[in-house]
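Order of writing sets the labels: A, B, C, D, E, F, G and H. Residues in every chain begin at 1.
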């Protein structure tokens, strides 16, 4: 039952062609999503900031191309995550408009990235060069979602001077995405230096007792520094999405 | 070496009573924290929003009272987390000014909670009544840190109508702290309904294969909804601290 | 907005005191649970078979008594699970009508257990005597929910003749709840003998590498026998609830 | 010793050609399965509803073809699970009658699927498109075993309106198989909406802290909604087998 | 149906008072355990060597006393494992004949321990003094089951000379039960020195990353020395039972 | 220092050409393995029953061939475990005498398998056809080490009649190696039927929550049946080695 | 057979009262530890630096007192680890000479701590106040073993200035014991600042996903800083023992 | 701001061209790493002993070649770890000066290995031949860093005589790196024989319940022998780095 049918029902009540009890019965079985006014608006609001995202891993090139084309046909952008280089080439054959960013394993189609929406800076900090694919997934995704993004890479805790020497960059950020594998100590150290929210991203970089990122994940969850929150292992996109929602608050108009 | 002594050193150089090489040697061993200009300011800034926090678990009542008195003597507030009722009574004997909030296992001393700093609302959502101690730790901590806090409790996913019926409350929030044990599904559902950051707090509520909150923790880390970030099991205070840092951004003046 | 207010709204539309657009706006923000016609009916249907259940563990005696009294006042029954003997005595002081079943750590208040609803038999099978608290939680809960329940206890796989000698009992059952700790092998063996659904309940009985029931849980999830489904460790009530929903299908009138 | 030989033995006793003690000795070593009257009938009963199932993973194409041909020669059907496309082509060379269903990685030989046996509907619900192989394994297996099957796909909890809008479909089901990876929240939400048994199937869809489906498995085992039972990760067939046994109860004639 | 009734049935067939078909029908539903000739003999054989064992942990003193009295009344012995000192005193009030062995947390009632049955020696080797309760559970249980038992304690691998100096004792053993906590290295070292089966018993002795015996368990399962088999953590009785079955083979008369 | 040199030393002392103190000094640094009388005899005894075993996994074909040739040159046999078919062909090019047993992934060189040494029967029992590689590794290894071996395959617990119908075979065994994956229930059931030692071998057969054999391993360690001992996952050879040591005891001459 | 008896044996050979073959036979069964010349010297050397250590946890006060008295009677010192205050009082009743150090849960008897042996400094660094019991166990144990010990406490990574301000102390150390719970990041940071070996000690301080110190342990094992080695969770004594062995090398005279 | 600029600043203050307040302001924002006097010296000191290390795994050949060339251009050596043979060949095409050590999967460029720096011996002990790649990574790395290195391989605990016969080699070492997979028992045994620090390296050698080295890791962390410290699974380089730092102490000149 959509808005039109709901209008008809109410008009019927007004006009007396539909009884009150009959309308009550009709409303009783009203499907939720057909009503769902606020939710539709809300969905639209989300879409303005968040392009549609296609998780590329485990999908075939034709599947990805088809979903992306469908979105483009509706005038939307699409961001494709976890898209390796070989598959990207296959997708491009089907979808020549595909832009590919190998450093973050991301693809994109549709109009160019959104203009900045939040007024702040999303700073992506990475511990080592092996963490860069995840860091770039975060940085590029955040750019794609309309954030101003800066990068601070290769500042692992075993050489603190590199991090401490970038204090200005750290303090200028509005929200920080801190990416680290191995022992995952960087978010704690960074969060001890800034007074902004830190989104920690453990990576699967390491071997042996890193257990594919479990060590870094647990370290970040147990951070002794206040203000650290965590996303899944290697989830650069997830961190970017949360950072986007936080950065937007800098434009926030409070309710009164 | 504080600012005064540094001034004396430089004055000595200017006046010729301290040689350049001598000053170089003194600066060479300059303890970092004694210099630390920005950091001191920065710490003060943090302290304005974050009262000193004493992790009460595993400390004796005299230890807690002594640390708290020391803070009060410096004109600061102190928040004591994980303070059970029996220990709170012991502390109060030593520190009559202690205010105790049994529902969140929190104690506080010092001047009354800070006035609102962020312009938004921190909404604490809890799945079940057994999650309330963690939810209240979050809610009361957030209030103590100067946030406007609202609560939405007992809205677990097994009875969705309770959650869906509170859409207004959900949409009015600036940042949401969502507390759940058992299967930890609530943050995913909530994050699907709002366009604000969701801080998920797994609780140790459950038994058997909940493995003391591991099930809820893993569920939240794997949330299919964008914008969910996670803190440690039962870490209500940590969620409140992150929420405070996020809420403050609503007053953010961007750098130009 | 409840039924009364909805009726007023529709009456207003009929009478012309409320405009169609105004009603549309009101309905747009209609809280879901306040409408919730089908859900209310549906809830009532559930309640007919499922008494309200209070998870007793971690609640104080006054909390339990208050919730139970509230339910009784509404003419409902209440089942309290995980209620140990000491707490049961405390509850009874506040709620003299409490019936207590120590063998299943269950309490009940309200009118006597429901008459049989399903036409079949819920058979609770247990491997060892140490599994009895969980088995009785299942058996008594199932009785309370209106099932005809039979028991077959102490038929662990290390002495198969005990199980094989009860073939008639096994085959007479409509749905079987099979409770076992240690290596958790019983559900596989039972499911190999019957053609009815088997709900496996791992228990935390064991030590060392049982890891509080993990060994039994994993064994049951990996059952080589078709038709085995699993619930959480020690979750006798959950098995009974599922068994009740299955047993009811014996009265099922298919839709045409 | 089969029925014929047992008859001969008893006839010998009657006729005096076999002494009582001699017969006692013969019965003493009577192999169980040779007697097993009820069990043979019982097995036949199972076979009527459950075609023989060949677990294809880890078997070579010739092995699969040989077992399947053997079953067909006995007038039976065979269902082959976890049969990937490449191997299916190899099997078809050896067994041209093979029907292959790539969407569920299933193969089948023998007479066409059984006519509906239970009077109800097995509804297979899936959270995301990546869960479809497991969902289709469940759906096609259930069809093959003679159930009427319906599907409700891509209704993950991050967009609740999709699920809530299908309330009719949900309520029409007799037993629900709910398939989800990632955080595995869907079964809890579905079980909160229906009063029928829900068989939860965790999938290995996810990465990082999903630990190949462990996160979803634990979430489902800890479901706060009554009536949820769980099978192994990715075990679509197992869920279908249990659903079949449950659906059959709709035809159940109770013993008197 | 026991042997007597079976005899009556066969006599009836012989005498013509029971028809062949009637006897067939009676046999068809013959409960397995009632027939169970070999199994009854077999059980008796087991009982000759294995006294009945009551797992004392989690049972009340009255429960233990009642089961033990029942066994004694049938002329059997009973061994009670995991019986702590306080509970043993309670049991003795009810069952004055109880013999208690605090060093192995064992109780016993009934006739004195069986005379040696196997012709060999069960050697119990323990790494440290903290492993003694488990070692004594093994040693005393093995004695109780009729084995000649020797002990070699406090020979951990950090001081190899203690072990190497006992080569005679090691080589004289027929089967060795090797008990160790912490890193669980002793069974590998012992199995490298002897050519007899080694039953490794991990203990929960340790802290931190011993994870309650998991470290020792894994080490023993991964032993690089041939001939090591493993039982559950702290399962001294289980090791003794297996050692008894092995030691008996020294009296073995092969089938021809 | 071997026996010859030790004899020379003592003769020198007797003859006065070596002083007592000089001999003491020589003995003081005596390398252990050079003395090692008992150990050398002991090693020879082991070698008589245990052919040298080469763990083939992770070794190159040339490495395997070289080690095997070295053993053959010393008149010994060699057993190569975990040798896949491709590598076996490579080895055979270098070592034409290689005998290869693909069903157990074993290779052998040197004189034919030893004649029976123990007087008993090693029975290898396997639950499913997927467990056969491990079962055959056990069976062939045991044969190679001089045991009489029998096999009982495809007797999983989901169809008990297959196992129960083989009671004679089970009771004729001296020691049983029971191989099972999935839920690993077979050893418990078998150990409940026999009074001989049962060596349980968990296999990595399974998927999802079998966690590569962990489920079966835990189940076997928690067996409720006395007399079950366990080896590592997929360790068919280890079970055969332990079974050999046990079977030899049937020829045991006790010390007096 | 000790040195005296060996001398007698060789003298007998020299004097002709013991034949060469007889002596060979005697040496053949020579118990290893009785020979063990180097080992005895070696043990004495160890004892000089390492007092005997009694692991107090799980031992009764009388057991501890008896072992300690035995050591004192032999002129040795004894160090008792994991000795809580209540048990220490019980021990002191039996052993008035006991010195108790509650801050490290250590007891000691015998002559005063050894004078410095290594020429360097063992620096014990601790992250938080909750880590102090473990840190003090390390520091006091190291002092007791004759090291010069310094302490640097409460320098967790969330406030780096505290650590960086102590650069002199860090650089003066010869070997560093770094104690941390929670995320265990401190050893990585410290090892990035110094060029000396760092022994990392994870503590069980934390809650939730610290899993009793597992998070810190994994972090330390995955340290990205070269030169970090790790001991068991809460193993302050073990770190002190390793630090002592390292510190002694500062007095090392190389072999030529 | 480096030393030169700091000198200029101070000279300016002395000369009056820079005001005190101006200098204070300049120092206030002084980047840490630019000051860092001790740290720069300290870094140089580290580099003298530790060549730059490139973790080769996960890097492409061009990346490795480029980083190595950059180091060589600065007159430094470079050590490349985890460099497999195929990739080494690719690197050599780009960097002909590459020396490759396949036995330790190491590559090196730059001037020949440093001359011995510590005065002691780093002894690398390995349990089995499968552990050699890790052992050689340790041994070659230690040589490269300027240590005198000895090797003692294939001395697993299942044949103790091999280890005990090498007592001289063991006692001559200054620091021991002990490498073992499977049950990881060797470090405990070695540490019981020597009075020097033992760095234990668990390897991923094994299968089944070795869980890729977890069993060995846990065993080593729980070593009952004092003086054992542990590094990550397969981390031969890390052990060598720690051994180098320890060995250097033999040249240590204590501070006065």
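The rule we apply is simple: a contact is a pair of C-beta atoms (placed from the backbone, for glycine too) under 8 Å apart; a residue touches a chain by one contact, two chains touch by 3 or more.
Given the structure is predicted, the values throughout are model-derived calculations rather than measurements.
Trainee: So if I look at the partners of subunit A and the partners of subunit G, which chains show up in both lists?
Mentor: Under the touch definition, subunit A and subunit G have B, H as mutual neighbours.
Trainee: What whole-Å value do you get for the distance between subunit E and subunit H if each is reduced to the mean of its CA atoms?
Mentor: From the centre of subunit E to the centre of subunit H is 50 Å.
Trainee: From the mean C-alpha coordinate of subunit A to that of subunit C, what's the distance rounded to whole Å?
Mentor: The computed centroid separation for subunit A versus subunit C comes out at 39 Å.
Trainee: By the touch rule stated above, which residues of subunit H touch at least two different other chains?
Mentor: Counting only residues that touch two or more other chains, subunit H contributes 32, 38-39, 164, 167, 193, 208-210, 214, 217, 221-222, 226, 232-233.
Trainee: Each pair of chains that touch: what are they?
Mentor: A-B, A-C, A-D, A-G, A-H, B-C, B-D, B-G, B-H, C-D, C-E, C-F, D-E, D-F, E-F, E-G, E-H, F-G, F-H, G-H
Trainee: Help me check something: in the complex, which residues belonging to subunit C touch subunit E?
Mentor: On the subunit C side, the touching residues are 130, 161-162, 164-168, 205, 207-210.
Trainee: Considering the complex alone, what residue numbers of subunit E touch subunit F?
Mentor: 38-39, 42, 45-46, 49-50, 53, 119-121, 167, 171-172, 174-175, 193-197, 199, 217, 221-222, 226-233, 237-239, 241-242, 245-247, 249-250, 252, 254-255
Trainee: Which stretch or stretches of subunit F touch subunit H in the complex?
Mentor: Residues in contact with subunit H: 29, 31-34, 36, 39, 55, 57-59, 202, 204, 212-214, 217, 232-235.
Trainee: Help me check something: in the complex, which residues belonging to subunit B touch subunit D?
Mentor: 127-128, 156-160, 164, 182-185, 188-189, 191-193, 206, 208-211, 214-216, 218-226
Trainee: Please output the residues of subunit A touching subunit C within their complex, sorted ascending.
Mentor: Counting only subunit A, the residues touching subunit C are 3, 6-7, 10-11, 13-14, 16, 20, 23-24, 27-30, 32, 35, 37-38.
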